[in-house]
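First chain A sits with chain B, and in the next complex the same chain sits with chain C.
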Partner chain A sequence: MADSRGPRLFADLNNVFKRDPNIDEYDILPVLEPTHNRSPFLLQEHKLGVEAWAVKVLMKYVATRLIGWRSQNPLVKFIDPTEVLNLTRALILFNPDNYTAWNVRKELVESGFLNIADDLQFGALVLSKHPKSAETFIHRRWLFQQLLDHCLSSSLDSNGSVAAVPENNADSSISMDLIDVDIVASPENDGLLSMDQSLECSRLFKLHTQLEMRVCARAAERYQCNYHAWSHRIWIIQHCLNCSLQVLLSEMKETEAWNSTHISDHSGFHYRQFLLTELHKRQEKLSLLSISPGQLVHREMAYVCDLIRSYPGHETLWYHRRFLFCFMLNTHPLDQDTKLSCKSSNGFSVYRDQGEEALKRHKTFLIAQELESVNTKQKLESSSKYNHMLLGKYVHWLQTLLTST
Partner chain B sequence: MKLYSIAILLKTPEGKGKILTSKNELSSFGYFQRSTVSEFMVFTSKILVERTATASRASVKEREYICHVYVRSDNLSGVVIADHEYPQRVAHTLINKVLDEFQEKCPKPNWSTIKENEAPYPQLTELLQKYQNPKEADAMTKIQSELDETKIILHNTIEAVLQRGEKLDDLVEKSEGLSQQSKTFYITKKMAAFLLPLVEKCSLI
Partner chain C sequence: MGTSVKDIVIPSNAPKSLLLLKHADYIVSYGEKKDDYEYVMTEYLRMNGMYWGLTSLALVGHLDKMNRSEVIEFVLKCQQDCGGFSCSIGHDPHLLSTLSAIQILTLYDAVESVNTDAVVRWIKSLQQTDGSFYGDKWGEVDTRFSFCAVACLALLGRLDEINVDKAVEFVVSCMNFDGAFGCRPGSESHSGQVYCCVGMLSLAGRLHHVNADQLGWWLCERQLPSGGLNGRPEKLPDVCYSWWVLASLKIIGRLHWIDKNKLVEFILACQDEETGGFADRPGDMVDPFHTLFGLAGLSLLGDTTVKAVNPVLCMPEELLKKSKIQFQYL
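This part shows the complex of A and B:
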């Protein structure tokens, strides 16, 4: 019986997607046995519901066909790409970690049969139901790499000197919406047609990068501590936005509100730690905007202390505080000064010894200061036993730091 | 940090919970799960009010949710359903505030005659939105000190609130407020209350 229902369900599903190509969410409905003669696919406001019994039957059929096709006939590839594409879609929707299916889709993209934008849209749909599917994020990174290559090669066609450009352009605006990740160079191009092409390409790239941030945010919202979503976001910042200063700053701003309402989401706080570290690497450029990295870290420290006070009993916040304190210890301006004085002086070793001594004294001072502020301010406020324990752990950590310096 | 639902109920002389008005914020749930979740929120609110003694407070954990309940000495009751991040004291302060405001809009003599879920209190929607971020809603420090000293009883599951011999499964089965779809959800997954949607994982192939 299952055999005869499979092909019909598959055809049904394909029709649903034909009827509404803009489905943006799907789910399995708790209907265990077919209760009526209608289709088990329910379409409402671009949302697709699939009755549970149908998923089982459909998956069996689709998996057997796709895997059979792939293992038996390596010579007759792409004999009917549309059909293959539909098979992978049905399979991935209900089992997003099937990387054979994703790989088939990669081949279809490479052969030009599947549009990158369409595949990105499909991935976003999968994430609506499976927000922490690692395979889905990995596939998206591959797609972005394709987009990047595409952009680079098309702008290479129109202009020889591309290499230096992304860095410049990426730093030219403030808000996330305005960020220019143009890979196209100067306007003095010869071939108008190819220039249009590369302009179009970079416009698309920009659009997709912005959409991608939203996809990440949505996945992070749907699943707490969504490591995959946040590390994907980091990857996008690094590889598609060149870690540009404006992006980093606007991301700091953007995630602040999110983090204050997701106080036990460690992945979310780790993202801010990444941003701070990257910003610190670019301190020369930062100083042009008259922002010092120390200022940013101090602001962040005040922010996390405020959260700890308001929401006692969340370990994530204490760990963020540890990170920030370490960051302050290791990147203090004094650090820079002493290094500089070491380099310029002739009595090399003497000065360095003095510098190290001063640095050590300074660190000890900072730790003592932090210890005092924790002990006096927060002991009074920590009401719950658990929060008291967390505070105790932090104090203990500070003390070990003190003995090791 | 999420605030899913605020409900105002009356504990009737027969010990039943009657919903006077309630509002949900279910955008974080899947489109097809919302009706089930909302039914279970009503179901849970009623059970809690029915099982909580007059003039007492409780917070009941149930997987990734915490339900905060307060039955006042005049039997007007409030239930707030939130996640674990949401501060307990804020939730209880919110119940106080909501009940006081509600009484102003809809005085005591009307409570017993109002039809289920039809009490006028349109401001509830706004409060539900505002309190999604407690820091923005109110000065947190004020909240910490404001709450009266009624002890909050903690329970680790809804089962713990039930009376001897009662089973959640039976209550679900008998409930008139739950649709067949919601009951199937509950029975098939063998999980308590409205919690399945989040934990649900498709284990096919």
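This part shows the complex of A and C:
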């Protein structure tokens, strides 16, 4: 049955956003019954509180109206775009995984009625309350894809020099090597109106990419082991920052302090594993900076061993150690040599076999060395029972590596 | 000193036996509540929710408690012009709701009542050159969608309509050093994604890409002292992983690697004795999602009061035996 308070609450919410377009956080207030003469919307210093009873009434109203319009229910035919936009806002604030509502916003972006920057800002607001909302991150990836496409087409228009299609071809996409994610973005810096469209587009793109890293960091902070936030950050690095060397290195540096204070966050540590893997793929460029991937991995191993010593009993740290050890094992210089000798020694299988044999011996040696190191050093150092269990698991895992080598 | 493991303690008064009939009642009554705030808030999951509820009922042998023609009518109304199904009337089509729709129709032996050619055409159109699948026309890529696409086509007997080699290539590119899988290349390993990838490879007959010992070991490490399974390191146990992890282990032939008795104890403790249904953890609110995966988990663990469940498609085995679908197991 329709609740007559719905349209009124909807209008009130829209007025709240008119009064303060820069609301940056919101939540539900545990008020279950309406109080006479008091608005259920509380606005203070860009924070919005909505009384629980009002959320219920509001959701029923906006969902029925928006989806009714979407399904061409004749009772709700004529809705103007502003109302549609406001309906999606109200619905998504409290029902962020309603993908159809997000799709309506995509259509409004496509028709030019909603601008990408505003929609990114709205998504960031949604993430302040729902930091692991999958659909919110999915929508943001779509918005970034729009920005990428705009940049590509405007740079094509301006000089025709960008010939590659960024999708599915990371190495040939727009060069974003100069992006420095350390720079604090300043959205107020608007003195660039005379620039040509292409430069303006790439400036906006850089700005939003920088802001996006912060959106990810905030979401990761609000919800531990936030799969969506970290895999989104990886997507941004891959698709918008082209996995550029500078970005990878700066991200390694940037996240270290965070990881040291979030030793149970497996997603955060996986992010470092992703960065190291990508850095390894670019070892030739890396060597121009006099850095070898080996150095980076050894440094990381020392870092995680140090954390394990300081904070015993954290599965995440032991998993990170597994990754690093595996990485060292499989990227050993000997391994590269063997591959090279395999390539150049067609028909000389004796040499190849010798190379493989040597590599196998070396791997066995490395595993034995690691086993020795955990068995003696760490056993003495760790006093917690759980850490002993984790250590036991690590030892078992190393032994399975030994049998499969 | 020393941090304790992130886990729960099963209360001594938690249920210890399976309340089969109560679960059937719970699902039936859940389907009857319609004008609730909850109903509005979960509408984007309606088709999946119906699949969870109906499959739960089928597994406990009470599918007849639901109105068959009402369900089919709803599903038909959700097929869009493009061929895909939406989660509910007035919503947009998506692969996630399309798989649930096809599964529901298969449960009722009513697949022929929809335009299957259109479904197949739509799914085909979502495959990309790298083999991955978009979830819908807006372009999100995820290994979950690779599973949905392949599972739908297998159920429709039309798997040959897509480029299976490329689809496999993409899924394999999402494998990590630990043998497990993530949502996209470079993403973190996650038990739910593992299930999708392993299930997809089983349907494609390409399980040789999996390092079963390595993956099996990672999956077994998801079991916590309480007996419950988590989805990733340092997360709390949750009944739904009794499905994602267990089904994956079953497919790769490593189910015997976990402590079955302790897991059964954990799953049973997640039942609500009053209302019926399962929750994620003992004492939490029950829902149809955890009810299905609790029942399906018990079935995989050998509880014969629940019907045998197929580990790849999470549907009654007896039903799929009649189809020509090929499942590969290690």
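As a working rule, the second predicted complex is superposed on the first by the 356 of 405 C-alpha atoms of A that agree within 3 Å, B and C clash if a C-alpha of one lies under 4 Å from a C-alpha of the other, contacts with A are read in each partner's own complex, and residues count from 1 in each chain.
Rule of thumb we're sticking to: contacts are C-beta pairs under 8 Å (C-beta built on N, C-alpha and C of every residue); 3 or more make two chains touch, one makes a residue touch a chain.
Owing to the predicted nature of the structure, the values given are computational and were not obtained by experimental measurement.
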item: Chain B versus chain C as contact partner of A:K56, first or second or both or neither; value: both
item: Which of chain B and chain C A:N95 touches, first, second, both or neither; value: both
item: Touching partner for A:K47 - first (chain B), second (chain C), both, neither; value: first
item: First (chain B), second (chain C), both or neither touched by A:E25; value: first
item: Per-residue contact with chain A, leading partner among chain C and chain B; value: C
item: Touched partner set for A:H314, first chain B, second chain C, both or neither; value: both
item: Partner chain in contact with A:H262 - chain B first, chain C second, else both or neither; value: first
item: Partner chain in contact with A:E221 - chain B first, chain C second, else both or neither; value: first
item: Touching both chain B and chain C, residues of chain A; value: 56, 59, 63, 94-95, 98, 264, 311, 314, 383
item: Chain A residues touching chain B - in the complex, by the definition given at the top; value: 25, 27-32, 42, 44-45, 47, 49, 55-56, 59, 63, 94-95, 98, 128-129, 221-222, 257, 260-264, 309-311, 314, 383
item: Residues of chain A defined as touching chain C within the complex; value: 1, 56, 59-60, 63-64, 67-68, 70-71, 73, 94-95, 97-100, 103, 106, 138, 141-142, 145, 168, 225, 227, 230-231, 234-235, 238, 264-267, 270, 273-274, 277-278, 311-316, 319, 322-323, 326-327, 383-387, 393, 397, 400, 404
item: Chain B to chain A touching residues, read off their complex; value: 1, 28, 30-33, 84-85, 87, 132-135, 140, 144, 181, 184-185, 188, 200, 202, 204-205
item: Touching residues on chain C, where the partner in the complex is chain A; value: 1-6, 35, 37, 40-41, 43-44, 86-92, 94, 128-130, 138-140, 177-178, 182-184, 186-190, 213-214, 217, 221, 232-235
